[in-house]
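These are the structures, in structure tokens.
Next come two complexes built around subunit A: one with subunit B, the other with subunit C.
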Partner chain A sequence: MELKLFGVAKDIIGSNKLSITAEDFATVGELKQWLSQQYPKLQQLRSVAVAVNSEYAEDNQSLQNAYEIALIPPVSGG
Partner chain B sequence: MNVINQITFSPEELSRYSRHIALPQFGVAAQQKLKAANVLVVGCGGLGSPLLLYLAAAGVGSIGLVDFDRVDESNLQRQVLFDIHDIGEEKAVAAQHKIKALNPHINTRVYAERLTAANAMNIIKEYDVVADGTDNFTTRYLVNDACVLLNKPYVYAAIHQFEGQVSLFNCVNNDGETGPNYRDLFPLPPAPEAVPNCGEAGVLGVLPGIIGSMQALEVIKVITGIGETLSGRLFIFDTLYFQTNIFKIKRNADNPLNGTHPTITQLIDCEPFCNAAAKSIKEITPQQLKDWQQHEAIQLIDVREPYEYEIVNMGAQLIPLNTITNNIATIDRTKKVVLHCKSGSRSLQAIQLLEKEFGFTNLYNLQGGILQYIDEMAPHLTKY
Partner chain C sequence: MLIRIVDNINLAEAYQYLQSPTSGAVNLFVGTVRNHSHGKEVVKLVFEAYEVMALKEMHKIAVAAQEKWILDKIVMIHAVGEKLPGEAVVITGASSVHRKAAFEACEFLIDELKKTVPIWKHEFFKDNSVWVNAHP
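For the complex of A and B:
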């Protein structure tokens, strides 16, 4: 499955999408944890929103029926 | 409502707004609401430019303009409100002149100052709707928090390189339910060096034109009540791949402002908090740098990109941030080493990396980067 990347997450991960196997992660929280281990710079963001199937998802949400996941960091430019 | 019904238009105004009034969903009633509205625009830059132009043109009766900054040549690539004659002028004042010339029927008020925890409540409480186009997290969290504490709808937009976000926060719907706000999405501000600003990361000039226009659209919809707003939805436009996304967002019980157990009950400047991670880094002023250079041998390193070095430099050794780990051997471990970039955030990042991964203890960050150095020590050099 494709993880859609936005904002500075694109720069940190170096692409606008990342291939992942959703079955490897039971919840949004587990996915976030894995991502911050792979890309430690993501931790500096402190708050990163995850959307599952185009809806904002909290850490305890299951990824079982996920067909689309997005990683949305805060953006400050104006 | 009665008061709004009594708002009248001169023949000139009726002619000016005739294309609005001709819209069946809009009519005189919506135009009256616009004329009765007070909108505060925080930040008169990239997003503020189209926002102010379209709100003024649309006939929003009173517009407040907040910006502490002055127009710089490097703004003109995207801040279409200004031209070369405005360089050096206060943005809020120059912007006011432009929108008054566009529509003399509106009232304006200028706040040529920085929005802070001390003044935000007093300024924002005078307005019905707040639109934020600032370029930093400190002000964004401040505007969000003030709007939630004062029950004001907050039209949010932000940009990064080729990508823009828009939403409407803290808006009460017809059932009396309050929609989500910025802290539902991002409860805590990021570390200061984590997300670069437009000056550091670059931005495609047309992007704020598009996103700021969408922000104006949402302001107009909130005021007039037409259509469906972005309340409860976050819109993201990736212009590079021309992909639009809309994400449903919702209130979060853990929101520190208006969740089930609020911990923020008054405004706080998030600056010292935001900068907690950066506090341990040693920093020097441009004046200190000059004093040091006169008395001892120090190494000065510029972590910007080569094209920036070409625009202006202060004779430092150029080691772009992304090449720094390959150049560890060229960084002195005995004498004082000062790192600088454009405005201080990339050099901070470099120092954090060098201290953490390579054990350096002799590094100093030049406060405010080459821009502050030019302002304070070398005004003849080119700013960008």
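For the complex of A and C:
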């Protein structure tokens, strides 16, 4: 499945999407941990959230019924 | 409520939506591009949104405002793409019977938008660029 990337996260990872296998990660927290190991620069950000099906997700949330996942670096609208 | 992500902000459209014979107050906040930041000249801003989620989050904020104040109408519009100094990038607005509710709701709408709505601001200077707020 596709992980959508935005803003500074898109620059760090070098693409606007990343192909992942949701089954490889039991929870949002596991996905975040894997990403921060693969892309250590993500650790320097003020925050990194994950949205599942376009809603903010907690670390303990399952990815089982996810049809859309996005990485949300610190927002700066307005 | 009028909630949109657009290429170009239309102030007249926002005002037209908000005003009505039952309202005694229309309050609009317009956020614009400032030509300086941290002592440097800003050349342009480029806004990016996770549109489907941004609209959902804006809707939640508008609903929260309706629960806090008695409002006639609410507007939240954010622009995406390249914006030059002076250009409008965001509008929040509310109309109500008396001015106090519209003033307070309008400020609440923009304050909350800045906290949770997945929109990102890329600030361009003459020699470099930064994603605003990305790093501590």
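Basically, the second predicted complex is superposed on the first by the 73 of 78 C-alpha atoms of A that agree within 3 Å, B and C clash if a C-alpha of one lies under 4 Å from a C-alpha of the other, contacts with A are read in each partner's own complex, and residues count from 1 in each chain.
The rule we apply is simple: a residue touches a chain if its C-beta (ideal position, glycine included) is under 8 Å from a C-beta of that chain, and two chains touch if they have at least 3 such contacts.
In this text, all values refer to a predicted model and were calculated from it rather than measured experimentally.
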{"item": "Touched partner set for A:P73, first subunit B, second subunit C, both or neither", "value": "both"}
{"item": "Which of subunit B and subunit C A:E58 touches, first, second, both or neither", "value": "first"}
{"item": "Contacts of A:Q44 with subunit B and subunit C, given as first, second, both or neither", "value": "both"}
{"item": "Partner contacting more residues of subunit A (subunit B vs subunit C)", "value": "B"}
{"item": "Subunit B versus subunit C as contact partner of A:M1, first or second or both or neither", "value": "neither"}
{"item": "Contact residues common to both interfaces of subunit A (with subunit B and with subunit C)", "value": "4, 6-8, 11, 44-46, 51, 54-56, 70, 72-78"}
{"item": "Of subunit A, residues touching subunit B in the complex", "value": "4, 6-8, 11, 16, 41, 44-49, 51, 54-56, 58, 70, 72-78"}
{"item": "Residue ranges of subunit A in contact with subunit C within the complex", "value": "4, 6-8, 11, 44-46, 51, 54-56, 70, 72-78"}
{"item": "Contact set on subunit B toward subunit A in their complex", "value": "43, 45-48, 132-137, 140, 157-161, 163, 165, 184-191, 193-198, 201, 203, 208, 234, 236, 238, 240-241, 245-250, 252, 277"}
{"item": "Touching residues (chain side subunit C, partner subunit A) in the complex", "value": "31, 47-50, 52-54, 56, 78, 89-90, 110, 113-122, 131-136"}
